[in-house]
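Only one structure is covered here, and it is reproduced in the block below.
As written, the chains take the letters A, B and C, and residue 1 is the first residue of each chain.
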Amino acid sequence: MDFGSFDRRQFLGAGGAAFVCTLAGHKLFLDQPADLPKLAGNVKVPPKVAAAQGPAATQFVSDTTASAAARAQREYWISAEQRGWNIVPTGYDEMMDKKVKGKTQFKAYTYRAYSPDFKEPLKRGKIPGPLIEANIGDTVAVHFRNKLDVPVTMHPHGIFYTAEMDGAYKGKYTDPGGFVQPGQEFTYIWDARPGTEGIWLYHDHGPMDPIPLYKGLMGPLIIRDPAKPKPDVEYYIFMHSLQPVATNLPQQFGCMNGRAYAGNTPTLESKVGDRVAFHVIALDNDFHTFHIHGHRWVENGTVIDTKAMGPGDSFSLEFTEDNPGRWFYHCHVFSHLHMGMNGWYLVS
Amino acid sequence: MDFGSFDRRQFLGAGGAAFVCTLAGHKLFLDQPADLPKLAGNVKVPPKVAAAQGPAATQFVSDTTASAAARAQREYWISAEQRGWNIVPTGYDEMMDKKVKGKTQFKAYTYRAYSPDFKEPLKRGKIPGPLIEANIGDTVAVHFRNKLDVPVTMHPHGIFYTAEMDGAYKGKYTDPGGFVQPGQEFTYIWDARPGTEGIWLYHDHGPMDPIPLYKGLMGPLIIRDPAKPKPDVEYYIFMHSLQPVATNLPQQFGCMNGRAYAGNTPTLESKVGDRVAFHVIALDNDFHTFHIHGHRWVENGTVIDTKAMGPGDSFSLEFTEDNPGRWFYHCHVFSHLHMGMNGWYLVS
Amino acid sequence: MDFGSFDRRQFLGAGGAAFVCTLAGHKLFLDQPADLPKLAGNVKVPPKVAAAQGPAATQFVSDTTASAAARAQREYWISAEQRGWNIVPTGYDEMMDKKVKGKTQFKAYTYRAYSPDFKEPLKRGKIPGPLIEANIGDTVAVHFRNKLDVPVTMHPHGIFYTAEMDGAYKGKYTDPGGFVQPGQEFTYIWDARPGTEGIWLYHDHGPMDPIPLYKGLMGPLIIRDPAKPKPDVEYYIFMHSLQPVATNLPQQFGCMNGRAYAGNTPTLESKVGDRVAFHVIALDNDFHTFHIHGHRWVENGTVIDTKAMGPGDSFSLEFTEDNPGRWFYHCHVFSHLHMGMNGWYLVS
């Protein structure tokens, strides 16, 4: 059979981007490595950011912010740090029962939780970052320290925040929280007002967006109604990919929480009778469908077992566990599944 | 035009298949210019269209249609016209605080509103076309004149219409409203029956579909329940791309209403206390997620701030404005965002 | 780092990807033919599968399973078989009124229904396979015989099943139902428990996944509430593509139920006054939006006429027919529409 004359452009369809963004005048492509610190050197410091420059270790904290932080019901100390990260620590794909070839380690960017006043790190940074949790009515203060060599931020979804607290780079309109420089700090004040209940996320939205996020700067944020009982078992699952532009590796990985392939992605566990909640977040350039074997849940009166999601989407599914055994959860986009976006759910 | 030096990887973007359609035996690709009038010359005029050929300026209007139009509660005169269109009038990307390089003007196809009997144009044609608005129970008559050099149509979503009024090319089964030839007119009669309430769209669905639509032939259609209060502020936002096949430009743009990059896309405005509605429509080859900073809305009892949409989808989000400042609204697909699919929302 | 030798096709991935999976150490791409039997020869038989090996024609049926099957309210005999399949039997695209060039026949894999004990086939196998139907409370027994030359399975969505009955290949953890070898049988027992009502699907999820599914191994599964009246007219529609990796043809087709282009895809029929249900299922590597002309339906209180779907999604739309004529139903992703994902709906 002759495929020579076939125009393969027809198959580059729907979904698979090469272009991802233009930073400092350079076009970046998902399948090409990028030198982020070098590009960051060419980004102008926005005027409000330059003006807010304060003492070295506490760059942008106004008296108002400090006093709001002191009153906050929830206070977090979180840094952005680089760390070595193995996407496939076992070197094995348990779904296909085969070794994963090639290099799987890269220098990730992670959000890392600290004890108060950044006295000591609580754990190693990971993908995703620490859970930020609030009840309706709480004020959340996040003291953010940038230990990377490029400017980054924390931008939340869902929770209430004023425009100065959105953690988004906005060109010449950028507020200090939208451009936290290396070695500097910013304190974000966010309000879990009534009407913000749900599962959300936070992620970098600084001047290098979306590459720092693609390298791991993302985390879950949940706002609860304290009148509702908490599930017995909860998991937070980010569906995303790790691509050459972020990893400098020559291979693309489909990930759950920064890991690829069952046995490396989170192995979720529960027991029969548990009230189980999965909080699922999609955050890369693609659309996904989240699917679990042997289980289903109700959404607006309809029973489903597969949920389509786009970048930035987040949702919670809940069920009472009634089915013991070894189950798959996975993205139902077949190429994503086979690039590693699958994991085990074990019910005893 | 020389496309030799153009890096075509930009066009493999998220959702953006290279192949788009076959017209008159020619395969068209999103990243290659197309000569639409030449292709149109090879399209057969369907038999019912040929049979309906009437006097020059009023081709297809039967007595029944004329009498329905005379009784219609809403009557529109709309043409399809070519006009020069600048995708980035400021030449600037305010999100990334940088100049946009390269040519950004092309010959767009636009729907343009006229005063009764096409006496005079009301405004210049634009992307999207004029709002078609009805209350439940209204009949809508749209007198459509094709001032382009290729056959085009108006095909609505959501509203009730008989098969002859669907504005769709159907090969040899095509009705006159599905193939309005250059220089001809057709009057569409559509009924906003109970059960059709909502935000909808109209677009070309003629024999050159989807290229005329990709060049700008799309517009919003809303059917209201008059018992419900109108929002204080309303915006209609089309999420789409402008690609080489439609623009003959060597670059792809991610657009809101035919413009790319904040400062060019619509700058939305409201004030605290306003009841605000955004009517969002996705209409290209891609999937999008619509996201606004600092705001959220309720859908079926769940609070969300990001909404996944596919081609042809339309939805309305509403909230009471409580958060002053400069905000982004954008597609959360990162490559779309960085190809220009973002804008400002200013709250005073 | 040297990226020179890197095969960038893997990165066209996500969503419409050229890369689809790795089988037996070989990367497969959507646009390249694959020799499935040869690859299958290199797949290890999992230990539990080898241990369960029984008499030739009835490999894996335990006493427990046999007794559950005997008590089942619904009992099916279904094989997987290869057959010649013409994607475009008329050779014509009625939407664009043009001939479809090139070869359109390939060796499909189909599920085929038999009379009890596989005495005789009921019809020829087709894409999709036979409807599996149950009322809430029913047990379903599916006797599955693999007449192909590669291991395949039946994996259902939505319905309750124990982990041994999931029909999924799980590497070394694979149960016999997840790896039905050529010439062997397995009986699946599934329970339509309360809380599983809805439109679902079944498909191959064996060790060659997703290629056998891409070649046609998919079918509809519906669980009904017997207290609700059945629609007067019902259709089951799979939105999917047939690609070179599955067909060995040099062209990609957008399909409804294994056929491409109006006149080949199912021509749906009803009459005014009918209560009509379309059960729509998306099952390939892409996202789709299902759209019908001249009709709309209510979802959670909102009237829509377009529904975005991802791989594995299924939904039912219902309306009372009130609009006679010749209508299109189609995927609203324009390139899919123009690769054949459209059909006629005729209302008398």
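As a convention for this text, a residue touches a chain if its C-beta (ideal position, glycine included) is under 8 Å from a C-beta of that chain, and two chains touch if they have at least 3 such contacts.
The structure presented is a predicted model; accordingly, all values stated were derived computationally and were not measured.
Participant: Where chain A and chain C touch, do the two copies share over half of their residue numbers, giving same, or under half, giving different?
Facilitator: different
Participant: Which chains are joined by the largest number of contacting C-beta pairs?
Facilitator: A-C
Participant: Hey, how far is the Cα centre of chain A from the one of chain C, in Å?
Facilitator: That pair's centroid distance is 33 Å.
Participant: So what's the Cα centroid distance for chain B and chain C, whole Å?
Facilitator: Using C-alpha averages as centres, the distance is 34 Å.
Participant: Mark out which residues of chain B touch at least two other chains, giving numbers and ranges.
Facilitator: 12, 14-15, 17, 19, 285, 287, 300, 308-309
Participant: Give the list of chain B residues in touch with chain C in this complex.
Facilitator: The touching residues are 12, 14-15, 17, 19-23, 25, 44, 46, 155, 157-158, 160-164, 166, 168-173, 195-198, 200, 207, 209-210, 213-214, 284-285, 287, 300, 308-315.
Participant: Sort out for me which residues of chain B touch chain A in the complex.
Facilitator: Checking each residue of chain B against chain A gives 7, 9-19, 27, 29, 31, 93-98, 252, 262, 285-289, 291, 293-294, 296, 298, 300-306, 308-309, 323-328, 332-335, 337-339.
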